[in-house]
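What follows is a single structure, written as structure tokens, with notes after it.
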Amino acid sequence: MNYLRRILTIVGKDIAAEIRTKEMMNSMIVFVLLTLVIFNFAFGERFEGAAEASAGILWVAFLFAAVLGLNRVFVHEKDEGCLDGLMLCPVDRSVIYFGKALASLIFISVVELIALPIFAIFFIRTIFLANLWLLILVLILSNVGIAAVGTLLSAISINTKARDLMLPILFFPVIVPILIAAVKSTGLIISSPSFPEDVLVWLRMLAIYDIIFILVGFLTFEYVLEE
Amino acid sequence: MPESATSLISVRGLSKTFGRRRVLEDIDFEVEKREFLAIFGPNGAGKTTLIKILATLILPSSGTVCLDGIELKKNPLAARERIGLISHESLLYGDLTAHENLRFYGRMFGVLNLEERISHLLEKVELEHRKFDLVRTFSRGMQQRLSIARALLHEPSILLLDEPHSGLDPHATEILDGILEDLRKDDHTFIMATHNLEKGLNHATSVLILSQGRTVFGGRKDALDISDFRKTYDGYVGSHV
Amino acid sequence: MRDWIQRILFWFSLIGIIVSIFMVFFYAPIDRNLGIVQKIFYFHLPVAITPYFAFLVVFVCSILFLWKRERRWDVIALASAEIGLVIDTALLVTGTIWDKPTWGVWWVWEPRLTTSLIMWLLYAGYLLLRRSVGEEARRARFAAVYGIVAFISVPISFMSIRWWRTLHPLVFKPTGIELEPPMIFTVFVCLIAFFFFYLCLLRQRIGLEFLKEGIEDLKDSLGGG
């Protein structure tokens, strides 16, 4: 119980700081919009209404924005030695991991929820609202994986010489299964008026990925922090 | 430092290597309750690493550290409850207010009657009037004072200080020294790493001099020739290099 | 002792490779459907399997490093990652050559080949990460964590790419290879020869790393003294 409370304390701290500065969210939202617009110019009208292609555009935009945000996850912990401050607290190192990952999950999800209607206006002609809950489920499952892997790799990349450059290089090849599953299931959902059976395969894939990488993050995070 | 089973802090055979680099080698010392140990040494002697190991921020490569009968490696969480760290960095979030910072750390430590404790400490470090201001807007000295309040939140019995005077103006230094003196009356035990010989010696009851990761002097202050400490210190450090 | 093992590995792999080349060209029959180009298969298969093995070694050594904190595990992981990446590069090149006669195009997003490409990106990232961390102990820790993350992601990537492909049936149908017993035997010999070649390279690379460290130690002792 205490374990959970401490995790939420870290999340609360991050949200309070973000609400004050809006540094991360503002740039992420603008970035998603930019990406969507640029894709539209790059591909013209070709992908309009083509469900899977537009789902691809959506997820590329989301992943790029996520990397942008994940890069910032530990920036504030680095100045003034705040990470040391966290590590001095009488909590397991995994509390720090889950706290930071949960905060990232929230930030990424909020950005996506804001961007989603705009994406629909830009790229989708017929909207099937019946499966909206399914789409939300896909978003959540994907974001959990992104946050679980991203937080771990962000803690690594913040301590490298190349910093911002390192995270995408480490992050994208690991996140491939999420990208495939998210694009596939989003494509199925937005193009189908009824429940698409095929989506179950991909939801299972996302869930397996999430479980595995939450476990990996939980087990290895302390080795990233501890010297 | 007399050896006894009841020492509050005991460090035995402590070594730390980073890759091929040996930073600390076979450090032994004991600190009794209410003692003030000053750790001196030139840059790169391993002072900060030693403090960080005592604070459970860095794992030792070999050797044991016991705080209040708790072995650091076996039960770091219990040890952290007893430790307060004041370093030259404030460990505070610039985007949060003074009050939010203290509340955050207080919750992480599970401090009871947190609001009372925060008001009490802010009063002590003379920052009540800036309670709801962002830490970003604080001067260096004010940040350091708030950092002292943060370190004392959970009422630690052992205070670790890493160059606490660095970057402070005379007024802030005065306040810091005043608080340290007050705390000594309240049964706190101190370990301070510093290159400021004068400050360190003023507070100290025991002295540890490190050079290139090894102990070149360890003992009570009385055993040192302090009439010309600079010369004595150079003698110890120099004899080793 | 070390020299002795190294020499055995060297001769084993040299003789093994010479024998395999002879077997590929003079012992194994020419494939009825694909003709002479099928010969690349004998090289392609061991090259395809070795990176997986090399990266498995990285994975195991990464875990051992985090557990034991002994530097040699880090050195073995580094050596194996480098060799794995080189062989993976060879795999991608032979893979494209292999694709042309079988599928009719140079590159097909076929699960195995695509997974090899993603693996290439993962371990290129692994080596870039190592270059990007100056402090030795930290580099070893970070590399070990990424060595674990990267390896675990490989089978999941493979699965997802396979499902991704099966839902989109391929346009090009491969012409199957019918393996005759001499062909199977040849493949087997090639695999063993290649395995020794990998071990030989690994041993050499580890030795090189320790030599490099010896030089650093000497430099330190000269500078410090």
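Letters A, B and C mark the chains as written, and numbering starts fresh at 1 in each.
The rule is short, and it goes like this: contacts are C-beta pairs under 8 Å (C-beta built on N, C-alpha and C of every residue); 3 or more make two chains touch, one makes a residue touch a chain.
Because the structure is predicted, anything quoted here is derived from the model rather than measured.
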item: Higher-contact pair (C-beta pairs counted), A-B versus B-C; value: A-B
item: Most remote chain, CA-based centroid, reference being chain C; value: B
item: Mean-CA-position distance for chain C and chain A (Å); value: 32
item: Between chain A and chain B, centroid-to-centroid distance (C-alpha), Å; value: 39
item: CA centroid of chain B to CA centroid of chain C, Å; value: 50
item: Two or more partner chains touched - positions in chain B; value: 18
item: For chain C, residues that touch 2 or more chains besides their own; value: 137-138
item: Residues of chain A touching at least two other chains; value: 226-227
item: Chain B residues touching chain C - in the complex, by the definition given at the top; value: 17-21, 61
item: Partner chain B, residues of chain C touching it in the complex; value: 69, 71, 135-140, 213, 216-217, 220
item: Complex contacts: residues of chain A adjacent to chain C; value: 149, 152-153, 156, 159-162, 166, 169-170, 172-174, 176-177, 180-181, 184, 198, 201-202, 205, 208-209, 212-213, 216, 220, 223-224, 226-227
item: Of all residues in chain B, those that touch chain A in their complex; value: 18, 52, 55-59, 77-78, 80-81, 83, 85, 87, 89-96, 100, 104-105, 107-110, 134, 143, 150
item: Chain A to chain B touching residues, read off their complex; value: 2, 5-6, 9-10, 12-13, 16-17, 20-21, 76, 79-82, 84-92, 226-227
